[in-house]
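Note that the chains are named A, B and C in the order they appear, and that numbering of residues resets to 1 at the start of each chain.
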């Protein structure tokens, strides 16, 4: 049988010992687990960042993987910790909604509240449930522990809804969801709003400023050109060829983006 | 038999090819080794950072793992390279003391000086013993090489002692040991100094400035509140809810912290 | 049989979901693949950085590993994607030359243009061939797919030539190739130009400024001393003991370096 995969997604950074402690805890429980870092650079306690990251990465994984997510501003408070089966992917995660954009519209995830301390590290600290509860539970799951024994099914949980664009007759009003490592501005407007099969043309604005050129890919325009294109998430993306659109425009998550369709 | 784990802890960063070179060296000797990054973001040549990191992460690992540590300001000088068995964990590490806080008080580690060039990469450079000596030795150990053949037992080595707090009648005087990724100030004062079972109350100061609130966890107070709590290392920690105590207070490793107990 | 290794080298950073998406894609095709991060901190679209990194890390790996490299300023344009067998190492990589310094002088690599969409993710985006083409091809190779079926042999490709030093009667004129995490300046001048067996002595200059001391290793001189030594790539390196030569001298990749030999 294949050794099980456990992925790790946190906002812990790398200079602190927290990720390493979780890896040790997992391997002490299941030395056959194969650990995969997804990221430890979620912006501190930034649930929208976590939500966007998970939505754009977890769907590519095989169903067998267990995804351990520790972005947890509510650690130690009354917020629950969850086992989630979206139907396609399994996560252990605080109940803060960062996983909910992963669930396809209409699908009904199975969610359990972690309630069985026998699967936890003891004593449980007030400030590091990633190490003391989530990591040992992920390790137990990877050894074949049935989700049923981890805690009761719950039918309510925190939802985090990534902002959706507004479509009007001839415009789309959306916003920047994420700024990537290159300074590309990834918006929530579907790429098809701009790149159209019909004869109409589209204009793109960011923060009221026109984006002069539509492109198919980054390297199509001369260096320094501000371009709009369809990014790898199939949404409108604003980029600067060999540069940073975020820096050029002073834009970030939440900056308004607009598409105007002209006849 | 389980494929062996080798963990890597360095101050090499990720943009430089040094970590990758070590991974290649290990896998060329033992392709079954399972490599785990602990961190490559120890502050350059900062042995206290390395010591704190190891102390707060290595104890969680199963005993089988081999821990390769390369924070090595003395590379190429007469400082020795060591194989260490703390009784609970095995490391290969320069003789600079960063591993010594791992050893429980009173325990007697087994320490050997690496002295057998047949286990090393040849030629050995003067500037990268991580690649040329420590990585191949870790790989040899992971293949079952007995520590006895690596070099002679030594009974002296560099000690690094993390600063201890001073306890007086009604005060504890300590300091910040580590600033984590969130800007939390982790001190060397035991959490039990502040959070007490008796009727007495405690006040906390950092750098002479009072910390207005004691909390059980970060999210208990409103955003921006400076709080004192027991951190995951079971010591006094100063934090700002959804913020950075290090930034708010201009504090760092070495900043004085004090607890005053009142009747 | 040993589970196959796939290494990942990108300029994607860690806060973005791109690396995680590629890991998912690979494991969905070959769950037995063992993934190894080499770096995701190549400077954005910096092919010289990528070339230097690969040249100083890939040679240490066993031949079985498959090296996935995604530094790809030309993504979506007409640039080809390649399977490369240098004779010693196998890579999947955009045709931008970053791999060519790996090939020993005189050796003739086998190079194929990836041309068989049946091995790709569908639909193929215009902006993320790492996820849609290179990762699935690496996964297919790791499952034993023969390179022959991936696409035709090509006999031309982009060459990237790292700058070479000029040797005159009594001088070497070179430059800084790479600034490492410690701020060490790694030049392209062979270490043997400075550290000589004969009676002649050498002087080192960086950007016209003399380097006062030759050393065998970093820790040989007092803290803060500017030293020249032979680095782990066997070239002349300029360092500051317990400091950063890049910061002290304001130097970076491309800064001139010179060795003057005196009788």
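Definition applied: a contact is a pair of C-beta atoms (placed from the backbone, for glycine too) under 8 Å apart; a residue touches a chain by one contact, two chains touch by 3 or more.
Note that the coordinates shown come from a computational prediction; the quantities given were computed from them, not determined experimentally.
K.L.:
Quick one: label the inter-chain contact graph as line, ring, star, complete or other.
P.N.:
Complete.
K.L.:
How many degrees of rotation bring the Cα atoms of chain B onto the matching Cα atoms of chain C, given to the nearest 5?
P.N.:
It works out to 120 degrees.
K.L.:
Could you tell me the distance, in whole angstrom, between the mean C-alpha positions of chain A and chain C?
P.N.:
30
K.L.:
Which positions in chain C are in touch with at least two other chains?
P.N.:
Each of 34, 37 in chain C touches at least two other chains.
K.L.:
Tell me, which parts of chain C touch chain A in their complex?
P.N.:
Per the stated touch rule, the residues are 11-25, 27-28, 31-32, 34-35, 37, 44-45, 73-77, 79, 125-128, 131.
K.L.:
Could you please specify the touching residues of chain C with respect to chain B in the complex?
P.N.:
The contact residues of chain C facing chain B are 2, 5, 7, 9, 34, 36-43, 49, 52-54, 56-62, 64-65, 178, 180-182, 216-220, 229-232, 234, 237, 242.
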